[in-house]
Amino acid sequence: MSKTIELAQHLEKLHINNMYKSDFYWTWDKTDEELDAIFTVADALRDLRERNRSTRVFDSGLGISIFRDNSTRTRFSFASACNLLGLTVRDLDEKTSQIAHGETVRETANMVSFMAEVIGIRDDMYIGEGHKYQKTFMDAVKEGYRDGILEQQPTLVNLQCDVDHPTQCMADLLHVIHHFGGVEHLKGKKVAMTWAYSPSYGKPLSVPQGVIGLFTRFGMDVVLAHPEGYDVMPEVEEIARKNAEATGGSYRRAGTMAEAFQGADIVYPKSWAPFAAMEERTKLYQAGDQAGIHALEQRLLAQNALHKDWTCSEEMMKRTKDGKALYLHCLPADISGLSCPEGEVDNSVFDRYLVPLYKEASYKPYIIAAMIFMAKVKDPVAALMALDQGGKRRLF
Amino acid sequence: MSKTIELAQHLEKLHINNMYKSDFYWTWDKTDEELDAIFTVADALRDLRERNRSTRVFDSGLGISIFRDNSTRTRFSFASACNLLGLTVRDLDEKTSQIAHGETVRETANMVSFMAEVIGIRDDMYIGEGHKYQKTFMDAVKEGYRDGILEQQPTLVNLQCDVDHPTQCMADLLHVIHHFGGVEHLKGKKVAMTWAYSPSYGKPLSVPQGVIGLFTRFGMDVVLAHPEGYDVMPEVEEIARKNAEATGGSYRRAGTMAEAFQGADIVYPKSWAPFAAMEERTKLYQAGDQAGIHALEQRLLAQNALHKDWTCSEEMMKRTKDGKALYLHCLPADISGLSCPEGEVDNSVFDRYLVPLYKEASYKPYIIAAMIFMAKVKDPVAALMALDQGGKRRLF
Amino acid sequence: MSKTIELAQHLEKLHINNMYKSDFYWTWDKTDEELDAIFTVADALRDLRERNRSTRVFDSGLGISIFRDNSTRTRFSFASACNLLGLTVRDLDEKTSQIAHGETVRETANMVSFMAEVIGIRDDMYIGEGHKYQKTFMDAVKEGYRDGILEQQPTLVNLQCDVDHPTQCMADLLHVIHHFGGVEHLKGKKVAMTWAYSPSYGKPLSVPQGVIGLFTRFGMDVVLAHPEGYDVMPEVEEIARKNAEATGGSYRRAGTMAEAFQGADIVYPKSWAPFAAMEERTKLYQAGDQAGIHALEQRLLAQNALHKDWTCSEEMMKRTKDGKALYLHCLPADISGLSCPEGEVDNSVFDRYLVPLYKEASYKPYIIAAMIFMAKVKDPVAALMALDQGGKRRLF
């Protein structure tokens, strides 16, 4: 029996009826079995592809991508996922469109969605805005579908918002699952999600938030550490706490990177901006206050620079479990001595983890494809079986 | 019998031999039966899609799009139409190409067309230029095909020129046909195509011209109204007059918006620039006279502002048939109190017609796909039958 | 028997085992039989397409294109080739990506390649840089494949580097082969690869280098001519010399355009920059010395202007074999009196050769497709047979 058939049989046992036609905003919207379904389908699609089976469930259809911030890997991951399933990506480039001419989000959403199966949106720059934009967009297409404007209901894949970065964090976790040989081995593992120094400014909070909101669901001991003033959203911490409680794991804060790293099985040292400063920035942008934005940037860079000791050095790594914790990063990292003089991680540490880091990233297209698959295919079990046994090759 | 089969049977009765390998510049180039064929195929493709049938008549091939002006909905409509039929869109972006390096239109046309099945061009900015560019481009590829450079003859879909906007106007009309329950119910309906105030400058004339050139072919009473100085091209008015005569309808001008709206079944209030001013602008652009362009813009905005009473207000709507005329717009509209302080239409009017307006827009991808289908598929009746009965699903 | 079957039978006799999973950097990396295979497959794909056979060997997969310089025809040729085989092109636009944020080439290469079958790179601006970039990129994906990060090994099509322009030169040569009725008729033909005056600055050397490196392999008498100071890379001249020796042809330099054109069967007059100046420019760019770059540009334009007599005039053409040599150009050309006052070629000469020139260009998509086909399809003979006999139509 192929791995895909085994995975399809596992999928069959899960309660996943609510996934069809559903949007993927945040991992904590989804049940454990729904997350399990995403991981299962991601693995199955990878297995099918490795065996040169066609995984096209679409004969035609568009995937619309909206990137309100630059992106390489997420852009290519979305394009790869769509291609894998048979969808064609069309980027909504707000610069070459007429959107600036006063078109509403509601109108745009409908106008680009006549043949859209899935909408991928990245809007992570402004606290309080990213998720709101995604929600407004998707409410509009849902209404459009209900009113008979759209013949199919496009579904969302959140490609990063101000709150969560689910495609990243689920790829991270699938990597962790495979690294430790199965989800059943995660219980009790210590995870250090820590801030790290970066010479750049205003990195989103969605990764640390996504990580504490997701990793706490698997019985792991999750520690968040950051310098004073770099708090994440309290609502997400609350979710992390509840998750930990429900799964027999734990969630707590540590005061230093060293404390968080102590005995950790997994470390995720990464820079982010202070939540309060990001709120301030959003207001400055809304007010068009360029001088204020510039002053804030200078202030934040100076604040960052006070914490250059928060770096994933060789010394720091030695504190982890056998000195060999699994090092995670969403990439690109600020690598000391390579991409910047002082940054998030020592070059020697980063370099040692290069292959696992790239493998971590390699799960993202499959996670996205699985999210699309579960939202669009009515009978995903039958579809996997058919792809496995249909015998259609991907490449001659 | 499926709706598609019925439509295919209707198509079979039409005289449409000249459509194969033909370009679509203006609706008035086409016979009534040819327009009927476009509407018929558009409906059939929509029916097939609604029933999850694959509509791919192409296994590979490119659709080339050239947008010499910003665009959201036409861009996505063209992409959707191509995708629906199995073509991949490639945008010819004149900024990242070598065209600026002195390449002729003739050369570019051939160089991008080696695998091109269809060319979609939007060039609506300069009076006397848009159509000319499209013609030069298509003459070049026709010659290229004749000379054995191209192995297939790419055909044109005019995505808006300075004269007509056929994909828009045919989508508008298909919406009208469905709204009134069939083309046979259009006879005697009163259509008010009127100018409306907008705070923006230099909107193309192709929509009003396209509407009077097309809607007069169905026995309707078409009234064009605009302030003094906002005349459209006289050649197109002449076509409208002849059309009306031939179909037992009428075409006339009214002096005020109120007069045009009186008793109207359909209203299309929309801003456009004065033809003479657009001719002047074209010359200024050709001369590179930036100061002149700026002065003209200021003059036109001031001239527009004299006619703020030309707006589709609630009061104005009350004059229409039972106060409930079908409100049309090509979108995006300038909505008073929403996208601008004073514009083409009251927010309350626009909002009441939101669903029909978006449905109107939803026909455009199908109209474009039908134009491509009729120009490229040698036996369209057989193709529709095969798609209906082949049983290939669009989505698993 | 179809032409494709004949070609497949020819392919079967060639020693081409090393082509599977191989990159295409330079023609001189490949054996004669490997080049023969590319030409053979290019002709077969064209034949299949002309007979409306589907040539899709891929059901899904991405072709990644990286253009570090503007391009129309190569961009569209790559897009066409990918589409012909069933791949979807994704442009890596370094402006909208995060590459500027300090990401390494190694990382980018892996991050965009999770579903990439082929990578097409154009990097021709800086001497000593283009090939190096391609090599670094491809070494990274090869490593990624070996380490299990990538499930397939993407292969390279060099879309122009600082050394060679293989897709252009092989398209040129396939045109020559068809023009003279077969590769066996090339022996002893005289080819004049000459510099020509252009009012523009800094054109790459890859075309003249590619031509002397490739055309010398077929027993032709290849002459290179340029004004003093416009030397090409000595390593490539050495290759040309060895090729000529091995095939019974010749390679030599001529001092004037007139001498090179004398009795030529084929002429390729084209501007390029002096190698030494391009080396200087690379250093100035690396140093960010804008003033130096500007000064160099002025100096080079002045130097070019000393050689306006190096132009493919009617007089010059009369010196060629019966006054009717085959005129080649990679396009776009600088045409005297059309795209510039004085340039590479007389308008009347260019115009007379327009159809053959465009045909020359029309081979490029097929050459690229053949390169992809040979690198990705394990059993190309069986694949061609199956495409020929499978009966799947490209267009209904």
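Residue numbering begins at 1 within each chain, and the chains themselves are lettered A, B and C in the order written.
FYI, a residue touches a chain if its C-beta (ideal position, glycine included) is under 8 Å from a C-beta of that chain, and two chains touch if they have at least 3 such contacts.
These numbers come from a predicted model, not from an experiment.
After Cα superposition, the angle needed to carry subunit A onto subunit C is 120 degrees, rounded to a multiple of 5.
Look at the contact of subunit B with subunit C and you find different residues on each copy: under half of the numbers used there are shared. Annotation: 41 Å between the Cα-based centres of subunit B and subunit C.
Looking at subunit C, residues 88 sit in touch with two or more other chains. Taken in their complex, subunit A has these residues touching subunit B: 57-62, 88, 90, 92, 96-99, 101-104, 107-108, 110-112, 114-115, 117, 144, 147-151, 376-377, 383, 386. Residue ranges of subunit C in contact with subunit B, taken from their complex: 46, 49-50, 54-56, 67, 70-73, 75-77, 79-80, 83-84, 86, 88-89, 200, 331-332, 334-335, 338-340, 355, 358-359, 361-362, 364-365, 392-396.
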